[in-house]
Every structure is written in C-alpha cells, then in structure tokens.
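Paired with subunit B in one complex and with subunit C in the other, subunit A is shared by the two complexes that follow.
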Partner chain A sequence: MIRAWRRLSRDERLAYLILLPALGAVFVVVTIPFVLVIIQSLSTEDGTFVGSVNYSRALGNPLLYEAIRATGVYTLIVLPIEILLGLGFALLVHRTVRRPGLRASIYVLAILPLVVPPVAIGVVARLIYAPGYGVLNVILDRIGIAHQEINWLGDPTLAMLAVASVDVWQWTPFVYLVLFSGLQTVPRESVEAAQIDGASGWAQFRYIDLHYLRPLFVLIIFFRLADVLRVFDHVFILTGGGPGTATQLLSLYMYRVEFKFFDTGQAAALAVVVLVSFSLLYTLIARVLPLERA
Partner chain B sequence: MKRTALAGAMLTSIPAILEACSSGPTSGNNKPSKLTIAAVQGAEDGPLKKVAPMYQSQTGITMEVVEFPYDQLFEKLVTTFQANGSSYDLCMMDDPWMPKFGTMGALQPLDSNFGFTRDSDIPSIVYDVGTWPPPHGPVPPSEQSKSQHLYGITIVGNVEMFMYRKDLATTAPTSWDDVLANAQKFNKPNFYGYVIRGKATNPASSDSLPILWSFGGDIFDTSWKVKLDSTESIDAITFLTQSLKKYAEPGAANIDAADRDRLIAIGQAFQSTTWPAEVTGVVEAQGVSQVVGKMAYIPIPKGPGGKGLGMMGNWLLGIPKGSKNGSAAADFIKWLIKSDNMKTYVQNGGIPTRTSLLNDPALGQSNPYFPALAQSLAAQPNWRPRTDQWNAVETIYGTAVNQAVAGLKTPKDALTAAATQIRTAMKQAGYPS
Partner chain C sequence: MRRPLTAVVLRPALATLALGSAGVLYGFPLYWLFVTSLKSKAELFATTVHLVPHNPTFAAYSSVLFERGFWVLLKNSVIVCFSTVVVTLVVGMLITYPITRLPVPARLRVGILNWALSLRFLPPIAVVIPYFAIVRTVQIYDQPIALIGIYSLFNLPFAIWMLKGFLTEIPLELEDAALVDGATRWVAFWRVLLPLAAPGVMAAGIIIFTFAWSEFLFALILTATPNAQTFPVGVQGLVTQFEIIWNDMAASGVIAMALPLILMVIGRKYIVAGLTFGVIREK
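This part shows the complex of A and B:
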C-alpha cells in the first residue's frame, strides 16, 4: 500500500488527497448504510442471522406486486407526458421567445413547482380533487361538462390519474429546464445551414436538435425514475394509497412495511431488491440510450 | 496553590463525571431545569400547551412541548425507544400504541416507580388502558409472564361517540337500525343521511370498528384467532358499506375526519360517528360551524345483539425509560390530573377523564358531548386489540374496509382476504392464528 502510494506522482497524490473527503463522505452516508441494510435484510429484529427468509417473505407478499404494478402504471403515465410536454415547451420557448427578459421570467416560473414542498402540493391538490368541495368538480359543473360529482379519488383509475397529474405539474418544468438548456448547446451555424437548405422545423429537430438532446433524455429518465421511487407525500395526502391499494406505490408500501408493520427485515430486503432491480434497469437504459453523443 | 486548586476542581468534578458516564437512565430525583414532552400536533395537545406554562411558573421547571404530526410522533417515539434515547422526559401516546411500547419495555412504570394509585373519580377503564399487559382481554403470548404495571395516564379522554341533528330528529337513535332508518328518512339532494369516514387504513378502521363490535364481529377472538371473516363481521361491514352507504356522501372512500366535520358543520349531513376533538374543534365551534347547538351526542347505538360499543382513543402521558428526569416528569403528570388543574385544562379545551368534571353542568354547557362521554366511559368502551402488531392489523383491516366502501370488493371478499393477511402477519409474529 505504502509502496504503491510512493510510486504515484506528486499530482496523482494531490488528486487522491483532494478526493479523500468526498470519498469518505460517500463511504459514511452511502456505503455504511448499504452494508447495514444488507445485514438487516439477512437478520431478525434481534440480530439473528436468518439467511434469505426476509427475501422470501418480501417476494412472497402479494402486496409487493400490487405496489410494483401501481408504480409501473404511475411511471408509464408520468414519464411520457412529462417528457413530451417538457420537450414541447422547450422547443416552443427556444424557437419563439427571443427576448432575454421573457426567457428569464419563464425560467423563474419553471423553477417554482420544483421548490414547493411536496406536502404543500399534496394539500393544494386535495383542494382540487377532494369529494364535495374539490375545485375541479365545481369548475366542470359551472362550464357544463359534468353535473354529477366525479369521484376523482375514490375510483382506482381516476385516483391514479389524479396523483399522476400532480407529478406531471411538478416535474414537467424540470424536463423543460434540462431540455431547454440542451437546446442552447445546439450550434447556431448548423441550424442556419439547415434552414438555408430548406429543412422543415421537424427535420431540424429530428436531425440536429435530437442529436444534442439524446444524452439529456437518458439523464431525465434516470432522475425521474429515481424520483418516482421516492414519490410519497402527495400520494399519502391525496389518497393514502387508496382506494384499496390502487395508488399504493412502492415507496408507500415500503414505508408501511417498515413503519406500520415494523418488519425491519422485510423492509430491508425490499430495499435491497428495489436497489438491485433499478441498478439493472439503469444499466439497460444506458445501453439502449447512449450517454455520449455519437 | 495551583496544584491544590486543580485537585479540588477534579474532586468536585467527580460526581458530574460519574453522572455523565452512568450507562442507564435514572429515576432522576434532582429537580431538572427543563422537561421535554413529545406531543401530537393538533387539538389533542393544544390544552396541554396552554397549561404547561402554569406548571412552569409554579415550579420553575421549563416545559418544552415538541410537536409532531400523528404518524411521525409514533415513528419518532419507536426509534427513540429503540435507541433508549433520553430526548423526551414525557411522551404523548395514542392508546393503541401502548401494546407496542409495553412489549418493547420502553416506559417507566408509574405505579411501582412513582407511587401512582387509582383515583375513584377516574373510570377504571382509563387506568386499564394505560396498564401493560392488559388487565382484561387477550394478552399477547410474549407478554403473558410479565407483571402488570401502569405505564400511562390518560390526559385526553377520547371515546368515539355518535352525533346526529337533534333539530331534525325528535328522538335519538338507539340502534343501528334506527340510524339506517334516519339516514333514509333525512337523505335528500345535497344533504346526506350518513357520513362514512372511509379513507384507507386508520380512518376506515376507526369508523367501522364500533359497528363491527356492535354487530358481534371482531378482528380477533379471546385467544387471538382471527374472526374478521365471521358472519357477524361480514354483516357489520355489509351494513356500513352497502346499507348505510346508499345514503352517504359521494366519494366516501376518500373521506377523513376533517371532511366529515366539514359536511356536518355546513349543514349537509345528518349523522355520523365522531370524536370529542371534532366536536370542540369544528362541529360546535362558534364562527366555524353552522350547526352549533343543533347536534346531539350519544354513545354508539346498539347492534342486533343489543350492545353498542364505543371505541377508546385515549391519549396518555408516559415516561420513557431513557428519561433522566423520571421523578420530575411523574410530578408533572400528578399535577396535571389533580382535580383543580384538570378543570383549568378543560377550560382550555382539554377532554377530561374525571367523572366529576364530565358531569359538571357548567362545563357541560360549553362541552355538550360531556354527558355522552361520561356514559361511554362508564359503559366500558372497547379498546383496539392489545397487540404490538396493531399497526399492521389496522393497515390491513382499514384497507379492506376502504375497498368495500369504494366498491372494489364485496365486504365478504375484502374481509376474507384481510383475514388471511392478518393470520399470516400474526403467525409470523408468534401468535396462534
């Protein structure tokens, strides 16, 4: 070890020394908890080693598959909508808004949903969708679209759409901001050359913009998938996972296993399973959608 | 001189060093400068916050009330107890939490450690709910060899009751059949005959348990065998989710207590179950409610077997094992439940446990539910099953009732599936099932 250290150049030693605090922090806040979770997933509450029992219980629980299904449906609703809307807004602003002041205002407006606490968003969303006094039903009634009260949070399909709509409202601006910044990197000369050659708006997007945005799509999918796994507050406030278990996403399910059932072994096993599954999923996505521009 | 001073300083520091190094908590006979209470945020701890400064001015001990929302308080306490932390000298506990904390051995016994005895002015059930293992009903297998001790003293004497519009109905419903008949009679467009609090998990569970019990159903029998799929249990939930639901508000599967209170307070509903805090906080609150003085409060109506069983929802004060100020914390509890101090507490919005205060006509004027609460306590209301697995059981049961309310499953299918899940969970926890 010491010999290897001595073989390093002065610059290399300095680089490692500078990295040391960051690596130490990662070790403390990521590695140690991860090792503890693995130990917990293989033990009972009193620390007795039980092998894969917790994993069998976690994977044998039908509620897990209901939660996976709900999370999958939620993801399939929110991700495409957020990406399409965010992309649409980004292209619209990029191509039509030229005044820096207006661009800055849109930028600030886009930041706002991201900085509002999810709990507050959940409470506001409840005022929109709640049975009896929900604003949405009142508006639909006033404009003559629906005179009967729509049970937004009591019907499984509508409840899922309601919780997903909150996510779309909060996170579409994130997609917009990332893609808009990506569009700023597209060389003006390429666009002007394409325009001189008579390329349509679609052709410009398809053959120039998309080329620069592709790695950002991977980034967005990575971030949003991680976020979907953490979605909790607004679902908890809006539906509490109901009706039944229709909107009980993985995060809510894991919370209940840990803090309602106090089944720490099963909760730890679930955490490991989810982590490994998503690592594999991320690897797959990274292969399908390359991070580097070709 | 220097050496002498140093030696003197070291000698005088020894007690402090020993104290700091002592491994476990102590009963703490010394008067502390501060007592910290972990409390639930909301109507339940409001009166406590108001009277705590009085104790502070009388004793010089600073009372710090640290508030948490309901769910977070439970999680915070469990994790603090697991670590034997000394952050809190007192903690507020919902009564269904007692089995978890009792099983964990997380609290200091109030009777043997601090000399608490029963007061004849306080119903025995109030002491029973703070006792572990439970003095009656089934005892968890792991707890059967433990000796009983008092671990918590009720400071919020919640019992679930029933409320209806007395300005519309001349007689009080005595049975659930009467409730159904009234629901049908008074139901009209934009005025609901009954309000179901049917949101998933705790709300649906709390709302339905009194009906379940009044119909002779239950989650467990006396030997922890699951009986949620019994005929009586299915009949009870069918009554709630099909018969009463015909006259209930739309979207009942997503209704919690605040939504129920809103419907009652704006005069859009005839009747429902209720908790005392809902009465004082909304339904009878001047300037908030349109039905002040129009509601009557009665114990839970009777089921087919002739019994009506209310549900306890007491909030207790206990002393965590990790507290280093046990004696001072116990003194505060003793001070708080003294008759005069409890009266001041009630005048500040508190819900008493003393029969003399519940039957005090002057206090009853501003708290119209007091007679019903006194009757409910005297009639020995039911408590939720005394098992450390209650949170899991409630989550499963409350989800099943919600599914039935939402019409996603028939009551029979929902309860049968829930019974199977509860059997599995209880078996894993070492209960016979």
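This part shows the complex of A and C:
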C-alpha cells in the first residue's frame, strides 16, 4: 500500500489527496440514507425487526398499483406529445425561420418555462382549470363552445389531462431546444444534395435529419423520464392527487403513506422497491446514452 | 428551378400559425396570472370574471409579502439557494478538478462521471423518507441547513458534469506554463484556471440557484415554520386553503417566477447545456 503510494508522481498523489475526502464525504452522505431506509423497511416504528412484513403490506396494497397505473398513464400521455410537438416545432423553425434575430428570440422564449418553479406553474394551472374563477370555462363560454361549467379537476379523466397539460406546457420547449440544436449539426451539403436530387421534405427528414437526431431522442427520454417519474409539485398544487386517486402519481402516493398515514415501515419498503426498480431502469437506459464520458 | 407552391405560401403560413398559437398558449396563462395578481378583492367577487382588470392595484403583493409575512420566506429561499450554490460548486470543483487536470486513471474518471449521472435518476421521494428520520435525529428539522445539505447533493451531478465540460475546454498547457515559471498548483488554479473557467462556473451557479429556488418537495417535508420555510412552501399554503384568495395566490406565483426569469436572462446561453449535462452546446 505505502509502496504503491510512493510510486505515484506528485500530481497523482495530489489528485487522490483531493478526491478521497471529497468523494468519501459524498459517498457517506449518499449511503447513510440508503442503509437507513433498508433498516426502516425491515422494522416497525419502534425499531423491532419484523422481516418482510412491510414489504408484503406495501406490495399488497391496491393503492400502489393505482399509483403505478396513474404514473404510467401520465408518462404515456406526456412523453409522446412532448417529443412529437417538440420535433414538429424544431423542424418548422429550422426550415422556415431564417432571420437570426427571430431565432434568438424563440430561443429565449423557449427557455423561459424551463426555469419557472413548478409550484408557480401549478398556480397558473389552478387559475385556468379551477371551478369558479378558472379562465378556461370563461373563454369557452364567451366564444360559445360550452355554456355549462366543466369541472376540469373533478372528473378523473379530465383531471389527468389537466395535470398532463401542465407538464407538456413546461417541458415541450426543452425537447424543442435539444432537437433544434441537433438540427443545426446536420451538414448543409447533404441537405442541398438531397434537394437537388428532388427529395421531398419528408425524405430529407427521414433519411438525413433523423440520422443526426437519433442519439438526442435517447437523451431526451433519459432526462424526461428521470423527471416524469418524480413529478410531484404541480400535481400536488393542482389536484393534490384527486379526484379520488385519479392523479395520485407514485411520488404523491408515497408522500401520503409516509406523511399522511405516518406508516414509515410501508413507506420505507416502497422507497426500497422504487430505488431498486429505478436503478434497473437506469442501467438499461444509461448504456445507450450519448454522453461524452472521456 | 421553380419552387413548389407549398414551399412559397403554405409553409410560411403554417409556420406563422403554429408560432402564433404557441405564443398565445404560453403568453395567455402568464398574462392571466399577472392580471389576477393586479385585481382587488372586490373585483374577484364580481359576478362575471373580468379578462382585463378594471382597477389594477398592487394590494395583493403587499398583502402577500407583508401582511402574510412572506418576505421572510423569500429571505429563507435566498439564504438556502445561495448556500447550496456555494457548497455544490466547491464540492463539485473538488471532484472535477482532479479528474480533469491531474493524472488519474481513465477508469476512475469514467466511474465518477457515471456515478454522478446515476444520481440524476435518484427519486427524491424515496430519499426523503430516510432523510426525514436523519434530520429529526440530528435535530436540524425546520432549519435551513437540512435543505442546504440535500439540495447540494441533488445538484452535485449537474455541477460535476457542467464543470467537467468547462474545465476540459481549457488547455492544460496554460497551467503548465505557470507551473514551469515556479507557481504552485494552488496559484496556478487560482490565478490561471479559475479566471478562465469563471463564466462557466458562474453559469453553473446560476442554474443551481434556479433549481434550488424551484424545489418544493424537500422544503415541504423538512420545514414547518417561517424559521426555514422557503417561498414555494408559502405559495402552496395559499393554494390549499379552504377559500382560495385568487389575487394573493397569483401574486405569490408572480413573485416565485420573477427571480429565476431574471437570472435566466444572464445564464441563457448555458441552461440547455446544464439540463443535458453538456451534450447540447449553444454556440
């Protein structure tokens, strides 16, 4: 050990002298909660060991499967819409907007929603969908589409769509920005060559653009999935998981088990299950991520 | 070669239509938020909802900030976010500097970066359950430090990947030149590397600040009183009340948005790079 240390150059030693404490501290900070949550999941409130009881309670709870279903539905609504809309806008702006000034303004406007706190966007959504003051019903009434008040947040399907619309509103610009900057890397010569050969707009997309965008789709799915699976803020503000359990996504469900029912054993078991399944999901996606690791 | 009709007429028309509707879909909700915050209590009880306020007033803002005392929460938010930025950048730099500037095995570097990336997938709700128990045991419940710790951890992946991107762009030769001239490692870092990396470090700081500013779940769970509550927790308190005071709620929403939007103007070149761990670079 000591001999190996002596064989290192001064710079190498310095590297380890800085890295060891920094990484060690972070490692400890990360590991303590992991160990603790496993202990919590195997014991009762007062710390007596109960084995797998909490796990069978957690996995036997039908509310868990409703939460998983709601999360799945949410993801399946939100991800495809965001990707298709973002792609559509990226292609549209890339092909029709030529003025650099306009492109720059679209860029700035597109990053605007990304930095707004989800809680504030939940407030905005509340002002739009809520019964009584919600402006959507007012507008529908004024332009003569629906004169009866629609209870957007009281119907399970409509509430899910309302909650999903907030996500689409906030994150489509992210997809747009990533794909738009991807389109800027498509070499102009190949596009021009294709145009001279009479390729249609679709063919250009299918055979040229798509080739350059493909790795970015993986990237978008990775980052969007990481966020969609942890969604909490705007749903908590807009519906609180309701009506009933219609929009009670996984995070909201776990929040309820721990902080409303004060069932730490079950919540910890859920947390362990979630951590394990998320790590599996992560290893699946991370393999194909186009990140520069060098 | 004549261009087809679709390219001349249809496409620009479609583009204008699409961009116009996007403009309305993004502009109107924000307009509605702002307009609601300018309404008086009397106007909210009018039988018809006014799309344009009749007597605009800033009463809701003073009601939120002073009568409800939310300026304290705003102060807490600033303290928590600023400390988070400092801690995250320092720890991030301690990890990034050796792996980008000093001779470490490639496997170690890749391992650290992968590990940081995997933290990005960590679901906060699963972490907060044990963290809550820890916070209560070491008696930092309802104190800013509990938030600073967990925010720094969750922002570390961004910091490491962004700093790595900025540091690798600076040629090693610049520091080597200083070292040959007899400077110590520390001086070379402080006088040569850091000034060159400063714009990137600033950008990373701004992004971490806005993330911490937006955070809600941990703040909701780990705080209970204005001693440590951050602004989003206050906003939430206005929303779930039995009778919602729309103008106060809207004003709190506007206040919550204001600072990130201002910071975004400064950090706009880097925000997408930050969100994608440096894959997307704006030229």
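Rule of thumb we're sticking to: the second predicted complex is superposed on the first by the 246 of 294 C-alpha atoms of A that agree within 3 Å, B and C clash if a C-alpha of one lies under 4 Å from a C-alpha of the other, contacts with A are read in each partner's own complex, and residues count from 1 in each chain.
In this text, a residue touches a chain if its C-beta (ideal position, glycine included) is under 8 Å from a C-beta of that chain, and two chains touch if they have at least 3 such contacts.
These numbers come from a predicted model, not from an experiment.
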Subunit B versus subunit C, judged by how many residues of subunit A each one touches: C
Touching partner for A:240 - first (subunit B), second (subunit C), both, neither: both
Contacts of A:133 with subunit B and subunit C, given as first, second, both or neither: both
Subunit B versus subunit C as contact partner of A:65, first or second or both or neither: neither
First (subunit B), second (subunit C), both or neither touched by A:57: first
Partner chain in contact with A:260 - subunit B first, subunit C second, else both or neither: first
First (subunit B), second (subunit C), both or neither touched by A:268: second
Touched partner set for A:37, first subunit B, second subunit C, both or neither: second
Touching partner for A:207 - first (subunit B), second (subunit C), both, neither: neither
Which superposed partner A:154 touches (first subunit B, second subunit C, both, neither): first
Intersection of subunit A interface sets (partners subunit B, subunit C): 130, 133, 240, 259
Partner subunit A, residues of subunit C touching it in the complex: 11-12, 14-15, 18-19, 22, 25-26, 29-30, 32-33, 36, 44, 49, 51, 91, 94-95, 97-99, 102-104, 106, 109-110, 112-114, 117-127, 129-134, 149, 153, 156, 185, 210, 213-214, 216-217, 220-221, 232, 235-236, 239-240, 244, 246, 249-250, 252-254, 256-257, 260-261, 263-265, 268, 271-272, 275-282
Subunit C partner contacts - residues on subunit A that touch it in the complex: 9, 11-12, 14-16, 18-19, 21-23, 25-26, 29-30, 32-34, 36-37, 40, 88-89, 92-93, 95-97, 106-109, 111-120, 122-128, 130, 133, 135, 138, 169, 174, 177-178, 181-182, 216, 219, 223, 226, 229-230, 232-233, 236-237, 240, 250-251, 254-255, 258-259, 264, 267-268, 270-272, 274-275, 278-279, 281-282, 286, 289-294
For the subunit B and subunit A complex, residues of the former touching the latter: 71, 74-75, 78, 100, 199-201, 203, 249-255, 259, 262-263, 268, 388-389, 391-392, 394-395, 399, 402-403, 405-406, 408-409, 421, 425, 428
Complex interface listing, subunit A residues touching subunit B: 57, 63, 130-133, 149, 151-156, 159, 239-246, 256, 259-263
